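Following this message is one structure expressed as structure tokens.
Just so it is clear, A, B, C and D label the chains in written order, and each chain counts residues from 1 on its own.
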Amino acid sequence: MSARKQKLINEPDDIVDEMLAGFCAAYRDIVRLEGERLVLRAEPKAPGKVGLVMGGGSGHEPAMLGWVGEGLLDVNVVGEVFSAPGPAPILQGIRAADRGAGVLLCVSHHEGDRLNAELALEFCEMEGTENVDMVILYDDISSAPKGSESERRGTAGLFFVWKMLGAYCEGEVDLASAKALAEKVRDNTRSLAMSLSSCASPASGEVMFEMAEGEMEIGMGLHGEVGRGRQKALPADETIDLMLPPILDDLPFQAGDEALVLLNNSGSLTLMELFILHRRVEEKLREADVSVYKSWIGAYATTLEAAGFAISLCRVDDQLKALWDAPANGAYMKQL
Amino acid sequence: MSARKQKLINEPDDIVDEMLAGFCAAYRDIVRLEGERLVLRAEPKAPGKVGLVMGGGSGHEPAMLGWVGEGLLDVNVVGEVFSAPGPAPILQGIRAADRGAGVLLCVSHHEGDRLNAELALEFCEMEGTENVDMVILYDDISSAPKGSESERRGTAGLFFVWKMLGAYCEGEVDLASAKALAEKVRDNTRSLAMSLSSCASPASGEVMFEMAEGEMEIGMGLHGEVGRGRQKALPADETIDLMLPPILDDLPFQAGDEALVLLNNSGSLTLMELFILHRRVEEKLREADVSVYKSWIGAYATTLEAAGFAISLCRVDDQLKALWDAPANGAYMKQL
Amino acid sequence: MTTIAPAQLADMIGAIARRLRSERDALNRLDAALGDGDHGTSLSAALAAAVEDIAELKQPSAGDIWLTTAKAVMNRMGGASGAIFGTFFFKGARRLRGKERVSKNDMEAVLQAGLQGVKARGNAEIGDKTMVDALAPAVKAFCGADELASAWSGAAKAAREGAESTRELVARRGRAKYLGERAIGHVDPGATSIALIFEAIDDWRTEMG
Amino acid sequence: MTTIAPAQLADMIGAIARRLRSERDALNRLDAALGDGDHGTSLSAALAAAVEDIAELKQPSAGDIWLTTAKAVMNRMGGASGAIFGTFFFKGARRLRGKERVSKNDMEAVLQAGLQGVKARGNAEIGDKTMVDALAPAVKAFCGADELASAWSGAAKAAREGAESTRELVARRGRAKYLGERAIGHVDPGATSIALIFEAIDDWRTEMG
């Protein structure tokens, strides 16, 4: 299938600003827009709590816009489509998130995100702003082998960090333990994605990568980065049977473990397909004696309108389960 | 663009049952599966409350599966892709929803849904089951002219009925007033959809309707029913400027009115595009002096993976606003 | 054959099911032009289910057979057409209550009640480009004939002519309604099914001798 | 020209911006083969922003001009390349602090600091198929020359050769890294930008006489 080049936008240069205007108007009880593309909580969290900032390119909506809110992030710094924001807006974001107990800058591991975060932290240092730290988050097992986890990309599985770290930082915790919690969730999370189709950039109008009808690619990154190469598309159950074992082996998840499951829609897969896929994931996890604490199925971190999905598993203990169940109120992440 | 024929499914005949198995396993704290494709609340509502049943074809996920839960529907009776279930499962659904205060069968106005609902009600009568009624819901202004509202199709705007009627029936109300409330919301709701692309049926593998790249159709129904004919696709703002005035004129919405806004994703539009569209909707409503009480933007009633959206507006008074704001906990509809 | 025994009636339903199965893809193609392309699949699946359900009945009466068919069609087919085709059998079933063998008179009543039920359920008249365009002339031809054999062959011929007549029509019911003028040039799938059903019965009767 | 005055430096940035603007689409095409196709658009937009920001400075020093360019590139360009290209100017800017006119010696220090910064920031060495493959030889050629004029032309030539050398390489940094062998046969866009920048400076210098 060809990618959809026809987009419902106005001027390509205005995409990000118009998107933010429309989003923040819709959810004004949850978020507000400030300065250079900062999305903040409508009501800042109480003083004395660690602030959470996440920057990143756009094109992944509802991530990260939809994750700003109570029990979640304090600030999202928004970049151009698939391109990390520069250090100046990140710095503004850090200032806006500061409630006197330090700020943790969360970085989804991609070169652009990491480098700009480093720059922002260097500027903080030059300015004498203290108590700011960053944590690099990754989960995609296809982007580097086991043993080189820290070279892996950040993809849909960061979902678990956002939710649990957000809940954690509503409590009376310090910056170091916030960072440690983020690392704990990260180190218990593994993801693998696949795609059936490409997408077209609304900025350039160009197809982001080429894919033929009837092909699939396992291990594709959140911007269409290549994974393990192309192969013939398989039925749902066979696809899961191919993707799940390497995820389980990587951590490794073991009999008796308890896990959260995310099936993340890259864009234009149907929920019907995702439910069918989920049925097999549950079946296979049961066989492996990994029990599912809770499942989430939906479009959380998208690659524009690509048709594909990621499986993410997060091994949980009592602490993480409690953080998972804590209330959250972002525009696109609600936990009652 | 061509429609995606490659689907992540197993046997086409098993789609609906596998989908239901995967969905109900994921959200077992909210729903459970029973009998012939009935999705019920995991915890039934208290005795003495009016039960709400909605039947319908599948292919619109998360509708209606995701709307079963507290503050929402009691039972969803699921049919084949784009095909209403027959009277026998509807009858089972009515029985399952009965908590001693009567059952309201909600029908999204399409011939199949209405006829099978009528049959089910006739069977109820033959069996002597009393205190069951049905309400026909419609909102799509493109399917019949003003003055012939009752011939219109039910589309995304039923969103408002589901939410408010669900909240209403958590209270101590009787069947007649539940039906009246559903009609009140319906009569204050208007919708219009558009599409940029077709979709392919997972059941037959065939493209549902033909659309060329660069074309759009305004007024398309929830199954790709034709609307006002094809035209060249327009930029976002011009599209809204074309679609919003007929919606406003139809009710008509007047200066000083307050309204809820829904931008419903038909499938594979990006949230980025929907936020950009929403910006213009707010702008135009402000010009018309219609104030927005709240906005919802997302995929609620889809047409598989078609790329398009609907604008739905619901005029609200204090009663409806309170019902809107009442808590809800469906798998895909959460109100805190 | 001047009357039909229950076992024969069951056999007749089998003949209809086989015919619809063999014409399934052709019916789907007709429906693809005017609707959603599933008419052949769903109607043939419904009749196949009816055959199975009937096989499970113990010494069924004619009425049981017709009612079982009605329920299978309604619930297995779903959608508008399931309700409408199902109503055809459902209304007819009442006329068979208590009958041992089905006479031509009985069958007239069955068909007329079925037609009335279809028209009432679907709110369709002749000329609306629906199955009614085939069913109404078929029932009329059946009732006008002297005996069962010529009644079936007359009905089959009238049904086919009725189905063909839908080609030039704009649809006023069903999914094709939204196509407007674009429906012209295509034969209605539901009307074609009716023609196939009567043709299957007529062929079955001829084979039975 | 043996030293460069601040106004001339600003003029030089203008010349770079014009060159990148005119090569924008070609750079995008190079990036489409190896990355996401935006390199020309984002780098030329960043330099255009730098020109605007510099124009708003009141009597800027050489250091101000270099720092303003750094910030515009970092924030306007975004992404990995914004950080890396921005770091090039940022590290160089420190070497210009307090300078009135920029001598060849000063420019050597600026370029060397920029190169070191780029390598440190991006963790790239020669042969990784990045801008370093053009920048490193350019800086070397610049420093090895006797005077400013021949230094610029030598640097431009070396940068172009370095850029061309990336064609046969597999990428070890940036988005192209994930392409593996598929990257072979394509010239790195960032290295090409470096060549264009030095060529633009050399042409500007020639025109200035």
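We take it that contacts are C-beta pairs under 8 Å (C-beta built on N, C-alpha and C of every residue); 3 or more make two chains touch, one makes a residue touch a chain.
On a predicted model such as this, the values are computed, not experimentally measured, just so you know.
Once subunit A is left out of the assembly, the remaining chains are joined by touching only within these groups: B, C | D.
Averaged C-alpha coordinates put the centre of subunit B at 33 Å from the centre of subunit C. Rounded to whole angstrom units, the spacing between the C-alpha centres of subunit A and subunit C is 55. We define each chain's centre as the mean of its Cα atoms; on that basis subunit A and subunit B are separated by 29 Å. Residues of subunit A in contact with two or more other chains: none.
Multi-chain contact residues, meaning those touching two or more other chains, do not occur anywhere in subunit D. Arrangement of the chains shown, judged by which pairs touch: a linear chain-to-chain path with two open ends. Chain pairs recorded as touching, per the definition above, are A-B, A-D, B-C.
For subunit B in complex with subunit C, the touching residues are 57, 79-80, 82-89, 110-112, 115-116, 118-119, 143, 201, 203-204, 206, 208, 221, 223, 225-227.
Those residues of subunit A that touch subunit B in the complex are listed here as 1-10, 15, 18-23, 25-27, 29, 58-59, 61-62, 196-197, 202, 213-214, 216, 233, 235-237, 239, 261, 267-280, 282, 292, 294-299, 302, 304-305, 307, 309, 327, 329, 332, 334, 336.
In the complex of the two chains, the subunit C residues touching subunit B come out as 28, 32, 36-38, 41-42, 71, 74-84, 86-87, 121-122, 173-175, 178-180, 182.
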